[in-house]
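Next, two complexes with subunit A in common: one pairs it with subunit B, the other with subunit C.
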Partner chain A sequence: MTDDSLAVGFSAPVGKPGLRWEAVFWFMVCTVPVVAVCVPLGLFLVTGFWHVENGTMVPALSLDNYATFFSNPTYVSVLRQTLTLAAEVALGNMLIGFGIAYFIWRCPQAWHFPLLVLGTIPLLMSYIIKLYALRSILGNNGFLNQALIGVGLFDKASDLFLFNQTSILITMGIIYLPFSILPIYLTLERIPQSLLQASADLGGSAWQTFRHVTLPCSLPGTVVGGMFSLILALGDFVTPQMVGGVKGFTFGRLIWSQFGMAFDWPFGAAMATILLILSLCVIVAAGAIIKRTEAV
Partner chain B sequence: MAVADTTMRAPGLDGRAPGAVPAPASASIAGGSVALAGIGMRYGALRVLHPTDLAVEAGEFLTILGPSGSGKTTILKIVGGFVNPTEGRLLLDGRDISRMPVTKRPFNTVFQDYALFPHMTAAQNVGYGLMIRGRSRDEIKRRVAEVLAIVGLAERAQSLPKNLSGGQKQRVALARAIVCEPRVILLDEPLSALDAELRRQMQTFLKDLQRRIRTTFLFVTHDQEEAITMSDRVVVMNHGRIEQVGAPRELYYRPATEFVAGFFGDNNIIEGRALTGGEIETPIGRLRLDTEWDPEPGSRVRLAIRPEHLLLRDSESRAATNANFSAEVFDLDFVGALTHVRLKVGGGTALKLKVPTPQLPTDIRPGSRVDVHWSRQNMRALRPSS
Partner chain C sequence: MTPGERIVHALLGCLMTAAFAVLYAPIVLVSALAFFPTLRGKVDWSSPSAAAFEKLAGNASILDALLNTLIVGMATVALSLALGTLLAYRTSRRNDWVSRLVEFVIFLPFLLPPIITGLSLLSAFQQAGIPRSLVTVVVGHILFVLALVYRLLLNRLRSIGASIVDASHDLGASGWQTFRYVLAPSLSSALLTSGVLVFALSFDETLITVFLSGDDSTLPIRLWAMIRVGFSQDINALVILILAFSAVMTLAISRLLQTRRARTTE
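Up next is the complex of A and B:
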């Protein structure tokens, strides 16, 4: 009897509220991702199999949207162009991002944080403001043209840099650069100093150490940095809209047009699904590369 | 310890006995002699190494022993060329190499964290130095196989470091350091990450390896047991200065300073005051010193004597005996081959003895009275440490 009452006395204040909070916690953990991620994704996937008749969506499952997309050479070529563009952005940002991250890493330790903040501060600014700023830099009377004329490379202002695929490439490259710098810097930072010392100790010159130790060890972060830029560039429709003009049509704009202009949501959803699958392929491929290179 | 003959055994860390390996071509490496001439190191106002002279003889196993912050790793880094000393010169076989860059020094280092390249197999790690030197593929393959066999890792050649145990990584790091046939091998606390049993195996292995390849080993550790079991000579450091240099036995039985006496295990310390003529006034009576160092009369002196040098009862030889003291046993601690005995002598001074258990009088127990004495040569007067 005494034992029982003692046990109750102990468990009542401690056990019960703990149990309740735990239930709330697990409820949140399980429902938030389901409601916020899985349900919308599922709706999208399903909508992609519907079609529109007289301005209303008909929930009849068919693969018509996908057939329409892949049988139309215009759509496929937009997708191919966008893939090429995104790959160029990714490659460029991997190279430039690596250069910047490597520079920061080689600076004295105390400078790392300020330099990193400097490199990533554009992320704190509004996307739209950055786009307008770049538009004025790339434009006919913009800073870039003025500078090139000033240096003597060009005789007159060129419209090479605005309202075409090149302008999208430059703009996306600049806007997504911080996303590439950060992961590359992080892997460089994780390379133990002793590895570089060991390479020098065994006779490796600065270049040999870079080639055989630094570069392979930082490859995972470099791949992630490229992947971030690639995926962001694949789906972006605002940047092409703002700086692409008529010539700068991309897959993102194509999808947007189905929702915003053509009101063919099922077709838009089907194309968004294609984009999603492509992005997943990129992530899986990047993961495979990282797994092969990362040995820590 | 195993005799250094033409074959050698690597510690069996894989649960199997590694086979004897044939003597490789590298058996004739000759070690280099290194001399530090007034080498010192300062970071701004912070002195990490006072100007130091030290001669490392060719082919010797020299250990630098000290607590963290004593300057031992700084010496290793200066010799390796990873940091430049603020003063002094470094000589290799009498030639000044102070300005020689790390990549050109004929030294190789075994790092504390092994520093194996994570994206390379064990064989690629070992062959790295040869690859850098532009050796042919065949030669690299042959030499790597030879050296991996020496360290008993021939079958793990294709493993990545992440798939190797701590002891195996250790041996890959060692193989990588010896494959280029350096004049001196620098070891920066390489055993500190291993468990006790593995560490003992590696100690024996390292010592055998050093005897066989006859390269100079400069070993840094904070573990005094490691230092005395492996080294030809030990340098004891504290606060950026050398306290004492000597063979392990010498440091153990003839410590020069309080720090060295305290660092090497148990010591009975008796406080006293110096009188004229080499006599010391202590709580247990006047003791006579048998030492080259004559303390200033009136100064405070600490005397050290090892527990195993204290003898119970009187034995036949009383000639060299300093004195004979009556004491009371207050604790007996049986630890196997030895029994630790704690005594109280006059003036409340406690003394600790280590007596081989069979030689212990059978009737001894706490509270019994015994006589204790010791030989004068075994008692050391300690200089105060820096």
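Up next is the complex of A and C:
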């Protein structure tokens, strides 16, 4: 087993002529996706250290892009705002998603599947059309304003709900919510009934059982549910573009603009690197929490 | 349930109802608008008509984009299923460092923000001198969905177990024969589920596609460009069609998952 480490190597005994081709085949199968992901990503991250001169990229390594980013208070405040926004979206969706998943879990068994499907269908409905729909509801002339005026809460249309950070928060919350419901339900479902009964038999109240059994056991799913929202919110550039207007600038949109109007790819790549590092931190932190709860 | 629990349960039920209403209301409202003309931001609820659908049928750029989306979807399904199955098969047979590396790498585009996958592919294609086309879009979509196919297929392969494969080898079958006659039949439902899921994801993929599509754009990209200009009634008509389409796909997926569930619990 020296030169066939990539071969599955269970069918042919060593030395059989088919083996070499099989090794080549498996080598290709494994290499293609790895190369297709790693090479572009690596090259792209390297461009973050380049700069633009007279409209062309100059491959000279320097940290200038990062220095520019962190010394500009506007950029840093956009990043800070986006981090807050993403945390709010993630936290909100974790709470609401947990509430919904918990409700479904406590319903009679026959309801679980239909309710879950109902909560997941919105994920398969066109993202752009959801944005379009939400924009027309939140807008100045939108249904939300008309409804609020109709009930008498507002006396004239408010632009509170569109083209600002709040509208991005609401829209991202709605669009990413299904991502939270599903993983939380899946961990709730995995809690053995015997564990809950044991807690009750030992005199635990409903609240104590929830606090000391259900909540810790469902933490991995809750963390995953929040992680999806957090990462998506950090990098999304279409949602803020559609409902954020001029006031709703986010980090994802800032990166995106470097590849359009501003045309400063190296600077965009440097900011994308920051986004990548932040996302990896989120993934690693989530992984650590999951591992710790599962070890207990 | 104690009275306290019952109150909590009822409250959570209200929360779910409200949340589902918020999730569905936008789409339902917008699709309703397809039948009613809008004048200066006011909807004329009095005269429903199907004019929007006629307008849509005459909108060549939308129909072109729809066709492109279908082509991309099918190519993505075929290629990602083939690659994902092979990778999952290899891991199920030999879980070594190569498998762990491949697993880690293919999960990156699935977990990282799509903008990073889109931009890195865009800059790689640019540097390699490859023009953007539907082919580059398909490459992006495959990398995006590969982790999902891999995971679903690996779960299925693990549940099948190694002994049946070993038995096939003991009887003298080659690797290919074992795959074709022993594994493939029991993989078919997992392949079908992943195929439908991949198609749904590819059909709606926006954040990667926007960087990789050239002159031939897919439906989400086309729609985004149209919506940025302004609202138009034929978009509302399209919303209904897409809604119907995704409802059918969701139904298909849930039916597939349910039959699989029934089979595993039997």
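In this text, the second predicted complex is superposed on the first by the 262 of 296 C-alpha atoms of A that agree within 3 Å, B and C clash if a C-alpha of one lies under 4 Å from a C-alpha of the other, contacts with A are read in each partner's own complex, and residues count from 1 in each chain.
FYI, a contact is a pair of C-beta atoms (placed from the backbone, for glycine too) under 8 Å apart; a residue touches a chain by one contact, two chains touch by 3 or more.
Keep in mind that this is a model prediction, so the values were computed, not measured.
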Superposed partners subunit B and subunit C on subunit A - clash or fit: fit
Of subunit B and subunit C, the chain that contacts the larger number of subunit A residues: C
A:Leu195 touches, of subunit B and subunit C: first, second, both or neither? first
Contacts of A:Val213 with subunit B and subunit C, given as first, second, both or neither: first
First (subunit B), second (subunit C), both or neither touched by A:Gly268: second
Subunit B versus subunit C as contact partner of A:Gly204, first or second or both or neither: first
First, second, both or neither for A:Leu41, with subunit B first and subunit C second: second
Shortest CA-CA distance in Å separating subunit B from subunit C in the superposed model: 9
On subunit A, positions contacted by subunit B and by subunit C: none
Subunit C residues touching subunit A - in the complex, by the definition given at the top: 2, 4-5, 9, 12-13, 15-16, 19-20, 22-27, 29-30, 41, 83, 86-87, 89-90, 93-94, 96, 98, 101-102, 105-106, 108-109, 111-116, 119-124, 127, 139, 143, 146, 165, 169, 173-175, 178, 200, 204, 206-207, 210-211, 219-220, 223-224, 227, 231, 235, 238-239, 242-243, 246-247, 249-250, 254, 258, 261
Subunit C contact footprint on subunit A (complex, rising order): 5-6, 8-12, 18, 22, 26, 29-30, 32-34, 36-41, 43-45, 47, 96, 99-100, 102-104, 106, 113, 115, 117-122, 124-134, 136-137, 141, 143, 174, 177-178, 206-207, 231-232, 234-238, 242, 252, 255-256, 259, 265, 268-269, 272, 275-276, 279-280, 283
Touch list for subunit B against partner subunit A, complex: 80, 82, 102-104, 107-109, 111-113, 115-119, 128-129, 132-133, 160-162, 176, 180
Residues of subunit A defined as touching subunit B within the complex: 192, 194-195, 197-205, 208, 212-213, 216-217, 293, 295-296
